[in-house]
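Take a look at the structures below.
Look for chain A in each of the two complexes below; its partner is chain B in the first and chain C in the second.
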Partner chain A sequence: MSRYEENLWIITRDNLFALMEVFIKTREVIAPVRGHGGEVIFYPIETIEDVAWDWQYVNAVLPPKRFFLPQTEVMFEYRHDNSYKITPHYDDQVRMIFGIRPCDVNALIFLDRFFGGGSLSKESTDEEPLFPDSHYIKRRANTFIIAFGCHQPGENCFCVCCDAGPFLEEDYDLQLTSMNADYVVEVGSARGLKIIYGNEHFFRKASSDEVKELERIKEGALNTFADTCAYVSKAIRRITEGKVDDSLWEELAERCLDCGGCSYVCPTCCCYNIVDIALSDKSGIRTRTWDSCAFAGFTRIAGGEILRSDKKDRLKRRFFHKLSYRYIEKNKRHGCVGCGRCITTCFADISMPSVIEAVRRQ
Partner chain B sequence: MKDVYYPDIALIDTVRDETGDVKTLRMRFKNPDTQKNLSYRSGQFFEVSIFGIGEMPISITSTPSRKAFFELSVKNVGLVSAALHRLPTGSEVGIRGPFGNGFPYEEVFGKNLLFVGGGIGLAPLRSLINNVLDNRDNFGKVIILYGARTPGDLVFKDEFKWWESQPDVTMLLTVDRGDEKWTGNVGVVTTLFPRAGIMSKNAVAFVCGPPVMIPFVIRDLLELGFTDDTIISTLERHMKCGVGKCGHCCIGHKYVCIDGPVFTYHEMKVMTE
Partner chain C sequence: MKDVLTTCAFCGCGCGLYLQIEKGYVTGVTPSQRHPVSRGRLCARGWHIYEFVHHPDRLKKPLVREGGAFREVDWREALDMVAKNLIGIKDKYGSDSIGVIASPKCTNEDNFVLMKFCRAVLGTNNIDNGASLYDSASLPGLMQSCGFGASTNSLNELEDTEVILAVGTDTTQTHPQVASRITRAISSGATLIVIDPQKTKISSFANVHLRLKQGTYVGLINGIIHIILKEGLINEKDVSRATSNLDSLKKMVEKYTPDYVSELCGISGSDLAKAARLFAKADKAMTVYSTGATAQAAGKDIVCALANLALLCGHLGRPHNGIITLQEQNNALGAADMGTLPDFYPGYQPVNSETERAKFESEWNTKLPAKPGLSILEMLSPGRLKALYIMGENPLITAPDVGLTSETLDGLEFLVVQDIFQTETAEFADAVLPAASFAEKDGTFTNIERRVQRVRAAVSSPGEALPDWKIITELSKRMGYTMDYGSPAQIMEEISHLTPIYTGISHKRLDEEWGLQWPCPDKEHPGTGVLRRDFYEGPKAIFPLIEQNGKGKEHFTPVQDIPLMEPPDAQYPFTLTTGSLYWHWHSGTMTRRSATLSREYPDVFAAINPQDAEQLGIRKNQRIRVISKRGEMETAAMITDRVQVKTVFIPQHYKNTASKVLLNPSSFTNAKASEMFCAVRVEPVMKI
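Moving on to the complex of A and B:
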């Protein structure tokens, strides 16, 4: 465990509600909210009454990826009078994501390394990125993370097999875990500690019994996971070494509907397209939008040729990217955090666990 | 922090028709300091914007040894390239880059160089050829073999005479189909190999052309004694971001935009789509 400081804190539910009301007044607070259809989604809240609390949901149907990499975002606007003038667009909104689960935080850390070259919640990054993505980095730097540890998994959760939960060990600001009627608070960053000291009257230090109780809760949570998907490393090795026969991808390709849903719900998928939109003869915007390697057009080149026109090659590509050791080396972890959303979403049962299982059986 | 997505503005100074569907645009950055500080390697590319239409990667065809301008040769094949073809001189375009690894240059000092080009594939090679010929003493023998579908499809015809006239340069042309004026070789580019005097010893081959050409050229080069590491080529992908992020150009664990577009045949062989 590498907490920012060894002290644990306790905040009562009432005090947490009161503290959140303070935050809502000073920044945009994104929290799990129950939508009209009953699903839980991350959404900006206006009052603490809107929040779906940790005991009321396991995870949101979509990851909070869009608050860092929006589905469509304006990169800059251009205007041509006598000459082109380009005005970059940056999102400077100060945000807090409240109630994010450890798997989704680990996905953010993955994206931090990919877009920013290091873990952005730390004061210094591991390495200078070759091409830092200022749009992502600005949003990430302006977003405070309050995570909820998970007492028990949802039906599709497998974070334990992906080293991504059910509790965070580092790279968060604050991590809250329900304990009796209160929350125990772990501090994971300097700015997390600043929040505690800036609102000290809401918190008290945890007793040594409470520290022990938290360890018991964490152990207990681990024990509630079924032994699913424990063959990740087998899949990693076989895919890295090219030892998966193409017939496996051919079989999956017969079922794949090409919908791209897996990429859209995946908290680590971050491929995008760049599209210009003219708003008049003289002005317009450049946008980037989510894209998916599942789409045939993803590899279209000049002249119209599609390089991965065969669906089996696209599936192979997706899982190579998620699991190959070549990418683990680059991104410091494999590209799955075990959130289980691909299981929930895919009509054709092509999910991380089902592919890992198929690789194992082959 | 520099915004890697922010394009600089460049002006089109001259437009030269190479063929019916290829134009060479000579450009310079609008900001004189940006132009002065421009440094690139042969084989690198720019992301070129026509605002409101889009952006496309185009390899730099000028040589870094000539500094007042840069040149891009563009075949009219899609939305952005068609728009580029319509632009008159004096127009402004957006430029990001240079991106990509570029060809080995200092690494091949003292070596004999073989260039094998097909069609518009000569564009990136031309940058290196001119860079080599502008620094002739640093290199050994130079052989340039170039083919196109018809005589009308040969690009950079204006420069062939100068290339041929340089010391210790062999230059041979071929076309798939001749016309009434064509007196040169007819056949694919590999038909030039037997009479080009190719020696694989202390030599490196640079190969750029249409995908259909590459495997045949490589097969014959291997027969001539070139190795997986002395055959160098480029891969084509639609690199949308140029900075290793958007994912469109990934092959295996390589990003063509930052790890390439220049690869040895050895690197290409171990890639899995």
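Moving on to the complex of A and C:
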């Protein structure tokens, strides 16, 4: 139980707008906005009107992952005249992500452990990271997060099966949920509380009726999910025990088009490739770019041999990593947060739900 | 930081994607979720399209040849020098001694301006675009049969059709969005018929795969038509209402009996009959074909044969019934629409028609040449021209014969290459002009379903590189003809004014929608998803052009099979074919500079069938020699049953591939179509 639990606040829509206008002036505020033709993307906003306020959409095809791990980033520049000189590149933009959904926050916690050793939204990490990633950690530290609880989950969502939504229970700063015309604010961290106290005139304490109403909203949201969810644990068990027959992966491999989209849109996928680009004989940059286990070249080793040259092995690997208990134990959570993006992006309809379903049928 | 919605430039599907911008650099892409083609998906090329944009090899300053080397100069010097030389050559040898190669990779606006420059300033119709190297067949083939030289239907219709006939297309490699629509259709119960010598990813889903001998497509399709006629499976209503010339088709296919065809093509008669019945009996059926069918001397005949088949069964001119031509280059259709063709003005208005010419002459205020110009293969043949102006093309890699092409380039008095990288072709140039990439300019591309879509500048060009259209207008000014365009939007105004199929198209409208499919005859017209039968009939025939070409009706064009130009023989028992890989695109100039894409197949290889490998004692990755009558190359062997027995496949994208040395030069002498086949012998470099 969070120690900020008792702190339920209410902010009116007008006050929220006013508060956000203050933030927009002082930092880059990222929010889900309507792009061309009304599609939703995470994007820096100029005014609070830009936000897709109806919250009625399938998750934006790219999660806010790119604000912590861009598809390409320059890590450092190097020069060698007589000796090597390395100049690191850091993104020190102060940001706020507004309107991020619980699945994506849970995915960030997953990335926190990978890059930083534990949840970075807590005051201290659980364990010392083996290789702390300063690029990620800096971006994460500079980003404040205001999450939105999903009172109306999208049609592809299944976070509830992955213990990643539709509301956050821990590891967040502030969580807003829309209630009538106003918003209930749950506080999940000291950073969050500081915002409330720093802008107290915008907030008021929630009444006990409002606390009850929030519970009702949460219950109601849970009831909107389809119940195929029940098979997630079955898939976890069968994949962990190695009881999924290869014929499943072979069948899926026939259709997969090697696009890599499943990794790129997945908020927990964070494999990357390192590419050095020479700018002259004496200088260059080291970049890192997103990479995907869907590509055969991903396991190319010196000498040209490819370890997972069979598509079926690559698909198997992907779902093993997401679902095997071995990894759940290591990462302390699921590799899938149920955001449903792979449903949108896969050319071959090889999504997490469809694979879970196929495992059940096998 | 902002994201800019634009159109993918790595194939003819034309996916919508946002370029992500950080501090003036493109750092990634986001697929557009509501775009009718991408629908939230991109293939690996699309996901990595940003990688070449900021590559340090990008051309940043104009280069002028001095002795054996290039010298960096400023724009003024470069343009003055190019103008002076072009004027000199025009005066000395005449306009028709100059040729222009336009690019299916550049925007419509770039191509339009180059086309106008060629005709109005240089004074010649010697203009063609690089797509003609692979597909000079669709335009005349489809135009002759259906009135339009483009896909008749939209991509999304594939998902709801009953039968798909896929001909000579490795769709998953070249057009992933189309491939995924085919597999979706199959999931919902559609039937797939594949006609292709190679095994492909989609052929594994086929109900019938007719793995014919290379070079026998026309015979096979005529065989199918023969069965349909014999079994009375034709769509009588459509045929009598909307077509002409059935009797001569009947006569032509008489000899293509099942026995004759199965012998000719090396396939089973029962498979042939099965394919014929499936296609003819379906209520809805669509045909897709690609370069596997078009890049050969018989290409146009193959397209005509496919159109005959579709017409006969009523699978044309209705929703979910039509022909989709899968052009590989992102703007292959647009470049042709813009009249970068030796015989057409924009919108396929013939140059030899007095009225059309008069219209352009009065609009452009100058005299225009009447005689159709040279095709790209003719221009690339040694000795035909004195000067060549190439925009965004790399014929040294893409034309079928590297030896002849370099002889041609060497023999020119003056060569200008305008590109984003120093290409292999540019090494021969007298002047190299640095151009903006798709991420740095505004304009439009037209995809394979005739959808004209916006391309938007997201970052500034490296160094002094300029958009192609801008370079041409600057040059034109120096040659005494002013083209005053403030922006690509203004160029589009002129395009729509002069091009009936683009009349209703403007950048403003395109910005409000997901592009518009031509024909779009007026400002309110919503664009045309399906080229319907009633376009061609009576009072609704909206364009005189269509009446002219289609004679008011769709037309059967009987064709007969012709052998390959160089069939295999005892000494050269293999057929060499070339084509595309999923990971690369075109001459590889861009994809070979993408770390992620080039990691998959960093080097060229030759694929052969396991049966041949065993016979010749060749193992995986072993060095082998591929030898034709004209030359030889050494490469690594890939062993896969995807290629037919006695076939070698060498991908086209690599710099050091000599595959083109081996290919058939007769495509040059023969004329309009390049044939991407020849006879070769294969042997291990060292016997193990």
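Note that in this section the second predicted complex is superposed on the first by the 353 of 362 C-alpha atoms of A that agree within 3 Å, B and C clash if a C-alpha of one lies under 4 Å from a C-alpha of the other, contacts with A are read in each partner's own complex, and residues count from 1 in each chain.
Rule of thumb we're sticking to: a residue touches a chain if its C-beta (ideal position, glycine included) is under 8 Å from a C-beta of that chain, and two chains touch if they have at least 3 such contacts.
Because the structure is a prediction, the values reported are computed rather than measured.
After overlaying the two complexes on the shared chain, residue contacts for A:Glu215 are found with neither chain B nor chain C. Shared-chain residue A:Glu200: touches no atom of chain B or chain C. Shared-chain residue A:Phe320: touches chain B; no touch with chain C. In the superposed model, A:Asn273 makes contact with both chain B and chain C. Of the two partner chains placed by superposition, chain B and chain C are both touched by A:Asp291.
Once chain A of one complex is fitted onto chain A of the other, the partner contacts of A:His80 are limited to chain B, with no touch recorded for chain C. In the superposed pair of complexes, A:Ile137 makes contact with chain B only, with no contact to chain C. Contacts of A:Tyr264 after superposition: chain C is touched, whereas chain B is not reached. Of the two partner chains, chain C is the only one that A:Arg66 touches; chain B does not reach it. Residues 273, 275, 277-278, 291, 300, 304 of chain A touch chain B in one complex and chain C in the other. Listing the residues of chain A that touch chain B in their complex gives 75-76, 78, 80, 83-84, 86, 88, 114-115, 130-135, 137, 242, 270-278, 284, 286, 288, 291, 293, 298-304, 307-308, 313, 316-317, 320-321, 324, 326-327, 330.
Listed in rising order, the residues of chain C touching chain A in the complex are 1-3, 5, 16, 18, 20, 22, 27-35, 39-44, 46-47, 50-51, 55-56, 172, 176-177, 179-180, 183-184, 187, 201, 204-205, 513-514, 582, 595-596, 599-600, 621. By the touch rule above, chain B contacts chain A in their complex via residues 1-7, 9, 30, 49, 51-56, 75, 77-78, 81, 92, 94, 236-238, 240-241, 243-248, 250, 252-253, 258, 272-273. Within the complex, the chain A residues that touch chain C are 28, 35-41, 43-44, 58, 60-62, 66, 70-73, 254-255, 257-261, 264, 273, 275, 277-279, 289-291, 295-297, 300, 304, 344-349.
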